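For reference, the structures are reproduced in the following blocks.
There are two complexes below, and they share chain A, which is joined by chain B in the first and by chain C in the second.
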Partner chain A sequence: MSSAQSKTLSGHLLKDYLSSFSFILPAVAIFVGFYIIPFYEIFNLSLHDWNGISAGKTFVGLENFQELMGDVIWWRSMWNATYITLIALTFQNILAFALALACNRAIHFKGFYRLVFFLPPVLSEIVVGIIWRWILNSGVQGNENIGLLNYLLNAVGLHDLIHNWLSDPNTALTCIAVVHSWKGFGWGFIILLAGLQTIDRRLYEAAQVDGANSWSTFWNVTIPMMLPVIMVVVVLTILGSMQSFVLILSMVGQGLVYHTEVPVTRILSAMTVTQRYGYACAQGVMFGLILVMVSFIIKKLSDRMKQA
Partner chain B sequence: MSGSPFFNKYRLWRWFKSGVVHVFLMTVTLTCLFPLFWMVRSSLMTQETVFVDKAIFPAVWHFQNYWVAWTEGHFGIYFLNSLVYTVFVVIGIVLISSLAAFAFSRLHFPGKNFFFYMFVAAMMIPLPGSFVPLVVLMNKYHLGNTRIGYILCMINVGLPLSILLLKTFFDKIPSDLEDAARIDGCSKLGIWRHIALPFARPAIAVIVIFSSLSVWNEYILAMLLLNDQSLMPLQRGVMYFAGSHSVDYPLLMASLTIAATPIVLIYLVIQKHIIRGLSSGAIVG
Partner chain C sequence: MKRLFLFGFAVFCSIFSGISCSPATPQTDRIVIWHWMTDRDKAFQALALQYEKETGIKVILELYAPSDVYSQKIIAAAQAKILPDIFGILDEKSVVADFITSGFVADLTADFKADDAAWEKVLFPKALLVNRFDPDNPYGVKPGIYGVPIDITNIQMIYNKNMLKKAGILKPPATMQEWFDASSALKRVGLSGFVSGWGELWMADCFATNYAFNIMGEDKVMATFRGEIPYTDPSWIKVFRIFSQMREKDVLVPGIVTKSNKDAEQDFALERAAFAFNGSWCVNVYNDMNPKLEYGVMLPPSASKEFPMKIWGGAGSSFFVNNVSPNKTKAIAFLKWLTAKEQQTFLAEKTQNLPVNQNSLASIPPILAEFSSSMESTTHPAIWPLNEDALVLEAFDRGLQSIIIGEKTPEKVAAEVQKVKLRQLERQKRIKNDLYQ
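Moving on, here comes the complex of A and B:
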C-alpha cells in the first residue's frame, strides 16, 4: 500500500518535473543547436585543416595556433583593433562624459540633446559607414572634389589638408575610429548621465559648505561616486570596440590591404576568401581568450580601485 | 544697493557659462544630424548633379530615386524581409525567453540551476568568430539560405539577455498572487499567461525595443546565411547594392534612407522608453 502510494507520488512528481522542464525546452533546444554545438565546433575545427567543402577534415593538432603566433597580419589586425579601442576609450568616452556633465543640470533643451545624441547608436553600422564613406570620398570630377569634406577644405582654402581619407594607410584607420566613436558616444552619454543623476545632491551641498570649488568637487565627489559606472562604460567600450568590424566592411570593404584589418575581418577572410575554416576558428578561439583575459584584468583592476 | 553690480556680474558669468555649454552641445548636435541630412539631400539628386552641386538644398528634388530603389533596386522586397525577420524574431524571443525565465524563477525541477547558469555563462564569454561554425552547422542542418534558419539564429542571439532580464522581474512577483491563482485552479501555463507576463510588461517592452533594433540592423549573419536576393533584409540589400553596381550615389543614398527611416521614426516615438530602459539597465549592471 505504502509502496503503491509512493509510486503514484513519484509519478506525480515526475510528471510535474516534466511539465516544468517543458517550459525551458524551446530555449534549451535553440541554445544547444545554435550556441553549444557551434561553441564546441569552433574548438574542434581549430584543431583541423578544412576548406569548408570537402568531406574529410585533416587533424593538425595545434598547428593552426603555431602558424597564428607567427602571423604578422594577424598581430597587425590585433593592433588595429587596439588602436580603434584606444581612441574610443579616450576621445569617445571623454566626449560622452563631458556631454553628460553638461546635461546633468537645469538646462534648456535637455530632452532634445538626449534625443539627438542617441540617434547615431540606433542607426546600423552599414548606414553610418556608407554615409561617412560618401562624405570622406576622395574622388575628383573636373576640378571639383566629390566628397563633402575635401570640398569644404578646398572652399575654405585648406588645400594642403585635402586627402584620400579612406585609401591612405595613414588616415584610414583613424577615420574609421572617429566614425566608430561618432556612432558610439551616445551609449556612454546615456549611461554616464544616468549615473550622474543617482549621485546624492547632499554630497555636493556638503562639499560647497566645506568651501570646495567646482574643480575639487569634481575630483573628490563626482569621480569617486561615478567610478563603478565609468568601469561599466570602459568594459563595454573595450569589448565592443575590439570586436567591431561591420563599420570597416561598410567604409572600406574587405580590401586586400591590411591597414584596416581587425581580428574579426581576418576571421571572415580566412573563412570566405582563403577558405581555411580551421585557421578561422583558431583565430576566433585565440581572440576570445585574449578578450576574456582583458576583461579579467580590468575586473581585478577595478576591484583594487574600489578598495583604495 | 552696492550689491547690485556684483549681482549683475554674477548673472553675466552665469549666462556666459550656460552659453558656452550650449555652444558645445549644439556643435555635437550638428555633427550628429548633419550626416543624416546630407544622406537625405544627396538622395534627392541625380548622378550628374550629385558630384558637382554642393548647395545645401538641391535645385530640383528627384523623389523618383526612391521609386527606382524600391522597385528596380529590390528595396521593396528587402524592406518586407526585414519586417518579417524583425516581427518573427521578436515574437520568438519574447515567447521562448519568458517561458524559460518563468520556469527558472517560479518552478522547481532538477537541473534548473545548471541550465540557468548555462545561459548566464553564455553572456559572459565573448566568442568572436562563432559565425564560422554556425554557418557550417546551418548548411549541415539544411537551414542555410532559408528564412527560418536566419530567424532561429537571431532568436538565439537574443535569448540569454532576455531570460536574465525577465527572471529578475519574475523573481519579484509576490508569492501570494501566485498561490491565489493556483488555488483558483490556474495551471502553470495559466500563471505564466495571466500573472507573470502582465507583471513583466516593462521588461518585455525593453526586450521588444532592443531586439527589434538589433534584428533590423543586423548584417553579418544575413551576409553569411542568405544568398538569394529574395531573402535578403535591408542592411544586406544595401551592401549588395553598394557592391554590385558602379555606384549610383543618389540611389544608394535613397536606399540608405529607406533602411534608416523606420528605425529613426520608431526611435522618435518611443525614445523615452529606450533611454529609461538603458538607464535602469546600466545602473543595475
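Moving on, here comes the complex of A and C:
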C-alpha cells in the first residue's frame, strides 16, 4: 500500500471516528450534564457543612457520614420505609396478582374492572392523601364523627374500634402503608396482567392433558412463567415504597413525632428545617447506595431462581 | 444531512450552554415580584395595575404557594443567582442574615431614614424590628433595616362566643385553671375544647414559647438558648407540663397533633371547637368559611403571675429587594408606595389583614382592632437576640408531640432535649476551636 493510500485511509478512519463521536456527543453531554455532574455535586456537598445560602462551605470530610451512621432517627426512618415496603410487597402485590389472575379469565365486565383497579395509581398522591385524611379523620362535631371510617364504625355499632388513626403511634404508619398499597396495587395489577397474557395457552392445555389440577398448574406453569415479571414488580415496589413521601406529607403533614418519618422526609427536614444541606446530601448518597445494593441483591436472587 | 446535523448540534449546544448561565436582567420598566400570599393575590394584582397607571412601571406578580415550597424556591433561586427584583424570605432571622451577608438583599436603611425618617415613622415600629439588625447582632450583619413589612400580625387565642354561652361561660378564661374549667363545662354540654394546627410544628412551638416567656421571662429563655440553663430546669418542666395537663384534662380536639392549620381553621369556623390558637390572618379565612361565626380574641390564659404573657407577632409578611437587581431603585419606590396609607387601607379592607401603616388603622373591622390591641404584648424569634439551634428546636417540637399523645412524660422530653442541646453545644465549640486553629 502506498503512503498516499494509507494517508487517505487514515483520513477516512479519522472522519468516521469524528462523525461517530459527534453523533453520540449530545447523548453523552446530556448524561454528563444531568447525571454525572449533579451526582458529583451531591457527593461533593455531602463532604461539606453548608446552610444552602452562604457562599462559603466548610469541608468536613466524612464527618456527615459518620454522624449519619449514629443517627438513630435516620435508621428509624429507614425501618419505617422498610415496614411500608414489606406491607406493599405482601398485601399490595398479592392483591394485585389475585386480581390480575381473576381478570385474566373469561369474566363479564373485564374492561370495567381493569379501569377501576387502575384508577388509584393515576390519582395524584396529594389528592389520595387528602381523601384518606378525611376518611381517617378522628374529629367529632357534637356527637357525630367527621371521619368516614369512624362514622361507619359508629353506625354499625363497633364503637370500641373508633380511633385516632393518624395521631396514634400504633396505627399511623400502618394506615399510611395501607393507603400506599391501595394507591400502588394498580401498577402491579397492570404489569402482572400483561405478563399473564403472554403465557402460551398450550402450556395450560398440556398440563390439563397430564392431569394437573388448577393448584398444580398455578405452581408449575403460571408461577415459573411469571417469575421475571414478578421480579420486575418486586423491584418497582421496593424502589417506589422506599422512596414514598408525598402521601406521608399529605396525610400527616410534618409527621407524628418520628413515627411516620421515612428517609426522604428526613432529607427534606435536613434541608428545610435544620438547613443542613451537606448532611441532607450525605443522607441522599447513603440512601441511594442502599437502594442500589437492594436492587443488586434482588437481581442476583432473580438470576439464581431463573437458573434453578 | 451533514449540514442539518451541524445545525442541530449548534442549536443543542446553545440551549445547553444557555441553561447553565444565569439570565442577565437588563434595567426595564417592569418589576418582578415573587410572593406566596394566595389570599392577597387579587388585591396585589389590582394594586399593580394602579401602580402601572400612575407611574408607567409594570409590576409583574408571580404567585408560588404554599409557603414552604416558596421558601425552597427562594433558596434555590439564590443559589442559582436568579432572584427576582422583590421577594420574601420566610425563614428565621439567621437565614435572613445569611441572605444579607451573601449579598442577596439590599440595605434599605438610607431609604427609611431619608426625609427625617418619614418612611420609618409611618410604619409600626414592632413590624420594622423584624427586619432590623442592631449593632453587635450575633449574625455579623451590618446594622440597618433590610426588609419592608407589608402588614402586621399576631397569634392569639380565639373563642367562639355562642359555644361559651351554651356552656354557661360568661367571660373568656384568663388563667389556666379557668381555661381547664371552661373546657370541662364545654365537655358537659357535648362541645369540644381547643384546636390548633399543631401538625405544623412551628405553631406548637409558638404556643410553648408564649408560656416559656410567661413562666420564666425572656432572660431565662435566652440563657437556655446560650446553654447556661438546662431544659431540665423546673421552669422548663412547667412549660412541658402545660401540654401534658391539656391532654389529661381532655382540652384538645382529637388528632390535633397531626392537624394542619387549614384543617384547624375549618374546625373552628364550623364550630367543632370553642377555642383556637391562630394568627390575625384567620379573620379573612373564617370570614370565607363561615361569615356568621361570632368570635372574640384573647391572650392565651396565663400560667404564672411572675412574668407577662407574650405572644408572637410583629411584621406579618415582609418583602426584600434584590441587591443586584438593575431595578433596585424602582423596586424600593414601589414598596414605599405599597406601604403608603391609601394602599394599606385598600389591602386591609380587601384582605382583612392588619395594616403596617399606622395611619390606616382607623378603617379596620372591630375583630381586627381586637387583634391589634395586643400588639404591645408581641415578641418574635426574629427580634430575639439569639435563636435556638435548629436541631434542638426539632427535638423540642417533636417532644411536645410526644407529650400530647401521652407517649413521654415532660421530664423525659426535657432530658432528651437537653441531650441534643449538649451535643450541639459541643459541636459549636468544636467548630469554633477549628476556626481559631
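Here is the rule we go by: the second predicted complex is superposed on the first by the 271 of 308 C-alpha atoms of A that agree within 3 Å, B and C clash if a C-alpha of one lies under 4 Å from a C-alpha of the other, contacts with A are read in each partner's own complex, and residues count from 1 in each chain.
Note that in this section a residue touches a chain if its C-beta (ideal position, glycine included) is under 8 Å from a C-beta of that chain, and two chains touch if they have at least 3 such contacts.
In this text the structure is predicted, and so the values were computed from the model without any measurement.
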(request) Look at where chain B and chain C land on chain A after superposing the complexes, then choose clash or fit. (result) clash
(request) Look at A:182 in the shared chain and tell me whether it touches chain B only, chain C only, both, or neither; answer first, second, both or neither. (result) first
(request) Could you tell me if A:76 is touching chain B, chain C, both of them or neither one (first, second, both, neither)? (result) neither
(request) With the two complexes superposed on chain A, say which partner A:254 touches: chain B (first), chain C (second), both, or neither. (result) second
(request) For A:38, select first, second, both or neither according to whether it touches chain B, chain C, the two together, or no partner. (result) first
(request) May I ask you to name which of chain B and chain C touches more residues of chain A? (result) B
(request) Go through the superposed model and pick first if A:28 touches only chain B, second if only chain C, both, or neither. (result) first
(message) Looking at A:52 after the superposition, I want to know if it touches chain B, chain C, both of them or none. Which is it: first, second, both, neither?
(response) both
(request) May I ask you to decide whether A:146 touches chain B, chain C, both, or neither, giving the answer as first, second, both or neither? (result) both
(request) Give the stretch of chain B that clashes with chain C in the superposition, choosing among 97-105, 151-159 or 223-231. (result) 223-231
(request) Residue by residue on chain A, keep only those touching chain B in one complex and chain C in the other, then list them. (result) 23, 26, 33, 52, 139, 141-142, 146, 253, 271-272
(request) Using the touch definition up top, name the residues of chain A that touch chain B in the complex. (result) 16-17, 19-21, 23-24, 26-28, 30-31, 33-39, 41-42, 45, 52, 95, 98-99, 102-103, 107-109, 112-120, 122-128, 130-132, 134-135, 139, 141-142, 144, 146, 148, 151, 182, 187, 190-191, 193-195, 198, 229, 232, 239, 243, 246, 249-250, 253, 263-264, 267-268, 271-272, 277, 280-281, 283-285, 287-288, 291-292, 295
(request) Spell out the part of chain B that touches chain A in their complex, as residue ranges. (result) 18, 21-22, 24-25, 28-29, 31-33, 35-36, 38-39, 42, 51-52, 54, 95-97, 99-100, 102-104, 107-111, 115, 118-119, 122, 125-130, 132-137, 141, 152-153, 155-156, 159-160, 163, 188, 192, 213, 216-217, 219-220, 224, 235, 238-239, 242-243, 249, 252-253, 256, 259-260, 263-264, 267-268, 271, 274-275, 278-280, 282-283, 285
(request) Note which residues of chain C are touching chain A in the complex, please. (result) 5, 9, 12, 16, 68, 71-72, 75, 78-79, 91, 95, 98-99, 101-102, 104, 190-192, 199-201, 253-260, 267, 270-272, 390-391, 394, 398, 401-402, 405, 407, 431
(message) So in the complex, the part of chain A that touches chain C is made up of which residues?
(response) 22-23, 25-26, 29, 33, 49, 51-55, 58, 137-143, 146, 164, 166-169, 172, 251-258, 269, 271-276
